[in-house]
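Sharing a structure, written as C-alpha cells. Questions coming.
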Amino acid sequence: MNIWDRLAKIPRSFIFLIIGLSVFLPLLFKFTLPLNILKPVQEVYDFIENLPEGSSVILSCDYSPDVLPETHPMAIALARHMARKKLRVYILTLHPAGTGLALDVYNRMIKEMGARERKDVVFLGYFPSSTATILGIGENIRNVFKADYFGVPFDSIPAFEGVKNYNEIRLAISISGAALPEVWMTYANGRYGANVVAGVTAVMAAQLYPYYRSKQFIGILGGMRGAAEYEKLVNAQNLATKGMNSISLANFVMILFVILGNIAYFMQRRKRR
Amino acid sequence: MKRQIPILIVFLVGLLGFLQYFVTGPISKGIYNTWLEWFQGVQGMAIIMAIISLTKRHWTNVRKGKNTIYSLITLFSLYGMMSLGLFIGIEKGSLFDKLYEYVMVPLNATTFSLLAFYMASAAYRAFKARSMEAILLLLSAFVLMIGLTSFGDMISKNLPYFAQWVLDVPNLAAQRGIVLGVALGVIATSLKIMLGIERSWLE
Amino acid sequence: MGIGLDVPKLPVFFAIIIYTFFLLYYISKARKGGNLFLRKIPGIEAVDEAVGRATEMGRAILYIPGLSTIDDVATIAALNILARVARKAGEYETDIIVPNRNPVVYTVAKEVVKQAYSTIGRPDLFKDESVFYVTDSQFGYTAAVCGLMVREKTATNFFMGYFWAESLLLAETGAATGAIQIAGTDAITQLPFFITACDYTLIGEEFYAASAYLSGEPVLVSTIKAQDAMKLIIGALILLGGFLGLIGKAGILNFLFP
Amino acid sequence: MITTDLWIWLSAFLTLAIFSFLYKDNPLYRFAEHLFVGISAGYYGAIYWHNAIYRFIINPLTENFSTFYYKIVWPELFEGKVYLIPAFFSFLMYLIPLLLGLLFFTLIIPKYSWLIRYPIAFLMGVGAGLALYPSFKARILDQVKDTFLPQFSNSLHFLNAIIIFIGTFTVLSYFFFSKEHKGPLKVLSRIGIVFIMIGFGAAFGYTVMARISLLIGRFYFLIHDWIHII
C-alpha cells in the first residue's frame, strides 16, 4: 500500500472536514488579503463620490434572505458611503421577501451611520409591481411614494423636498439575486435616461456585463468579490471581506484536491500497467 | 372527448397567443393581457395538484405504517403553514413570515450549501484529466477560480481582468452557440405540442 | 377597431412558419419510410463497449433514467437509450439495475426493459426486481443509489436524462468505485460535472440525437432534421452578417431584426 | 454571548440538522428534510393563493360581479348610460379560469381524473403560444445580430468580436447531425468543442464560488447571530 493507494482511499468525511475548515477559519480572524478594485466597481464609487451633498439616490434592495451573503454586504457598504457623503437615500424593495433586509439597511443607516430619519434616509417598503413602480417614479414620485413605510405622508418628509422624478434623482441602485436590475435598466435608464447601478450575485453578474460595456449601467458589483471591493473602497471591511478570504482559501484547497487526485490517479494507473 | 378537445384547446389557445404578437390594436393587447392573467390564475391553482399528490403519497405511507412519523411531519407542516398563510395572512411580521425567514430559508440555504462539500469531494475523487476536453475544462475553471480571488491579485494585477475576459468572450461565444441550439429545441417542442404531434403530456 | 399588422415583427412570423414547414415535411417523409440520414454519434459505440466491459467483469450495469418527470424531453430520450442498453445487456446475459425516482417513469421503465428482453427472444431473462422505485426525495434517492453502487460494485454506470445538483454525488461515487461511466443530459449546469467525472458524455443536443438515432422513431428523427435545417439557415445568416459587417454594410439585414 | 431569540435557536438547530447529513443519514436529517418538503409546499400554496388565485381570479370575479349587481340595483349610481351586457360579459370572463382551475380537483376522483387534461391543455397552450415569439427573438435573432462583425479596426473590441463570431459558429456546427464530421466540418466541430469546454469550465468555476458563498452565509449565521463569536 504505497502512498498513492493510501491517498486514493481517503474517506469522504475527511475531505468534508478540510473544505469546511478552509471556509470556516478565515471567518474567525480579521486579516485582509490583497484585493484589486476592478473597473466596474471603481466607477460606481467614483460616481457616488462626485455627487454633491444632498443629492437624492434610490437604494432598491430587491433581494430575499436566501441570497443574503452576496447582496446584503453590498447594500450596507453602499449605504455607508452615501451616509458619509450626506446624500438623501430612498430605500425600497421590489421583492416580496425583501422588506426585512431593506428595513435592516435603513436601521443601520440611522443607528450606525448618523443618517437622520426622513431627512437623510426614507424607508418606503415593498412595491408589488416592479415595472409600474419604476415607470411611476419617472412621472412623479408623489403618486408612487404616497407615504413612507411607517405611514408618514409624502408632504411631511423633508428628504423629498424639490424632488419630482428621475431628473432630480441622480442615481438608482438595484441590488438583487434575480433579474430586477435589468428591469430598472430597461425602464429607468432606457425610458428616462436615469443613471442605474446593479449589485448582483456572481451567477447573475455574467448576464449583466454586456449592458455595462454598452454603458446602460454606470457600474456593476458582482458577487462576494464586488461587495468586498466596495467594502475596501469605503474602508469598512466586514462580512464580504471575510467572505472573500474564505472563497480564496477554499478555491485554493479545491484546486489542490484536483491536482492531488489526478496525480494519485495517474501514479496508480502507471503502477498497474 | 378525452383527447380531441384538449388538443383543440392547446392548438387554439396557442395559435391566438402566438398571432396576437403580429396584430396591433386593442384586440391583441386584450388577448395578451387576458391570456397572461388567466395563465397566472390557473397556474396558481395547479399547486392544488401538487399538494393533492404530496398528501396522497404521505397519507399512504402513514396508513401502511411505513416511515409514519416523517410523513406525519410533512403533512402537519404542509397544512399548518398553508392555513397560517391563508387564514391569518402573509404580511411582514406574521407567524407565516417568521416561519419563512427562520425555518424555510435556513433549510433551503443549508441544503444547497452542502454542495460546496460535495464539490470538494468530487474535486478530489472524480475530476480526472481523462480527455483533452476534461483538461480544457479544468484549466478554464482554474483560471476563474484563481483569477477572481485574492490569489489572482497576488499573482498579477491583470489576472482578474484575464479571468473576466474568459467570461466575457470565449465563454459568451460557447453559451451563445449552445443557447441557439437549445432554443431551436424548445421551439420545436412548443410547435409539436401546439400541432398535436407531441402527445406525451396527455397520458 | 384599429386592427393593423405589426410589420417589423413579421420576420419572426415567417421564420416560425418555415420551421413548421420543415417539421411537417420531415415527419411526413419519415412516416412514408424515407430514410433520414443522421450521422453516427460517437457516444453510441461507447455505450456498447461499456456494456461489453460489464460482461467481461461479470458484474451488473446500473442505469439511471434521470430524476425528472415523464413529460420531460430528457426522460423520454433516456428511456429510448435504456431500450438499446437493455437489449445489448440481454444479448450478453448481463444483469441490469434501474432505480427510479418518479413513480410514472418507474412503470414506463419496467415496460421498456421487459419489451427489450422479449424483442431479443429472451423474455425469461427479465427479473422483476431489477427495475424498482426508490423515493421521490432528491437526496433520499441519491443516497440510496450511491449505497447501491458501492455495495453491488456495478461495472458500468449510465446517467441518462435530466439531473439537478445530485449529479455531482452520483458521478463522484461511481468514479470512486472505478466503474466505467457514460452520461447524457441537457441539464447545462450539470454537464461540467459529468464531463470531468465520466468516461463519455453526450452533451445537450447530442443526447437527443443519440436517442433519436437509437429509437429510429420518425417524429424524433425528423425533429433533429428540422433543427439541422434551421441551423443551416442561422449559420448562413451569421456568415452573411459577418461578411457584410466587415465591409460596413450589415445595415442591409436590419429589416430581419424587430 | 449566546442569543436568547428562540427563532435564531430554531434556525441554528435546523442548520445543524441538515449539516449532519454530511456525516451520515440520520433521523435528525430526515426530520429536517421532511419538514422542509412540507413547509415549502405549504408556503407556495399560500403565496399562490394570495398572489395568483385571489389576485387574478377571485378578486376580479367579485369586483365584476358587484359592479354588475349595482348596475341593476342602483343604475343612477352610474351617471350616464348603464351597459348591462359588457358588465355581465366581463364577469363571465373571469368564470372561465376559475372553472378550469377547479378541474384540478378531479385528480381525487379516479373516474373523472382525465378532466385534468383541460386546465393542463390551457397552460400548455398559453405557455407554448406566448413563448414562441419572445424566445425566437431574444434567444435566436438577438444573439445572431450581436454576432455580426464590426468594421475592421485593430482594437481589442474587434479581436473579441472575431473570437465570438468564430466561437458561436463552430459551437453551432458541433451540434450539426445531418452530415458526418469529416473534412471542413470536422475542423469546425473540433474548434467548437474547445469553446464549449472553456465555457463549461468558466460556468463550473462560477458555481463553486456561488456554493461557497452560501456556505459562508450559513457559518456566519452560526458564529454571529447564534453564538456571537465575532
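Chains here go by letter, A, B, C and D, matching the order in which they are written, and residues are numbered from 1 within each.
What we mean here is this: a contact is a pair of C-beta atoms (placed from the backbone, for glycine too) under 8 Å apart; a residue touches a chain by one contact, two chains touch by 3 or more.
What you see is a predicted model, and the numbers here were worked out from it, not measured in a lab.
J.: Looking only at C-beta pairs that count as contacts, which pair of chains has more of them, B-C or A-D?
T.: When A-D is set beside B-C, the one with more contacts is B-C.
J.: Farthest from chain A in C-alpha centre terms, which chain would that be?
T.: Relative to chain A, the chain with the farthest C-alpha centre is C.
J.: I'd like to verify one number: the distance from the centre of chain A to the centre of chain D, where each centre is the average of its C-alpha atoms, in whole angstrom.
T.: Using C-alpha averages as centres, the distance is 22 Å.
J.: Approximately how many whole Å separate the CA-defined centres of chain C and chain D?
T.: About 23 Å separates the centre of chain C from that of chain D.
J.: Find the geometric centre of each of chain B and chain D from their Cα atoms only, then give the gap between the two centres in Å, rounded to an integer.
T.: Comparing mean C-alpha positions, chain D is 5 Å from chain B.
J.: Quick check: what residues of chain D touch more than one other chain, meaning two or more?
T.: Counting only residues that touch two or more other chains, chain D contributes 21-22, 37, 47, 51, 132-133, 136, 140, 144, 147, 165, 168-169, 172, 175, 196-197, 200-201, 203-204, 206-209, 212, 214-215, 217.
J.: Quick check: what residues of chain B touch more than one other chain, meaning two or more?
T.: Residue numbers touching two or more other chains: 18, 21, 100-101, 105, 108-109, 111-112, 115-117, 119, 121, 125-128, 133-134, 137-138, 141-142, 145, 148, 167-168, 171-172, 178, 180-182, 184, 187, 191, 201.
J.: Mark out which residues of chain A touch at least two other chains, giving numbers and ranges.
T.: 16, 23, 206, 223, 247, 250-251, 254, in rising order.
J.: Write out all the pairs of touching chains, ordered by chain label.
T.: Pairs flagged as touching, ordered by label: A-B, A-D, B-C, B-D, C-D.
J.: Provide the residue numbers of chain B that touch chain C in the complex, in ascending order.
T.: Within the complex, chain B touches chain C at residues 18, 21-28, 57, 111-112, 115, 118-119, 121-122, 125-128, 130, 133-134, 137-138, 141, 178, 180-182, 184-185, 187-189, 191-192, 195, 197-198, 200-201, 203.
J.: Touching chain D in the complex: which residues of chain B?
T.: 2, 5-7, 9-18, 21, 32, 34-54, 70-71, 73-82, 84-86, 90, 96, 98-117, 119, 133-134, 136-145, 148, 166-184, 186-187, 190-191, 193-194, 201-202
J.: Which residues, counting only chain B, touch chain A once they are in their complex?
T.: Of all residues in chain B, those touching chain A are 92, 100-101, 105, 108-109, 116-117, 119-121, 123-129, 138, 142, 145-146, 148-151, 153-154, 157, 160-161, 164, 167-168, 171-172.
J.: Inside the complex, what are the residues of chain C that reach chain D?
T.: 9, 11-12, 15-16, 37-41, 137, 139-140, 143, 188-189, 191-193, 195, 203-206, 209, 224-225, 228, 231, 234-235, 237-239, 241-248, 250, 253, 256-258
J.: Residues of chain D touching chain A in their complex?
T.: Residue positions touching the partner: 22-23, 47, 51, 206-210, 212-217, 219-220, 223, 229-230.
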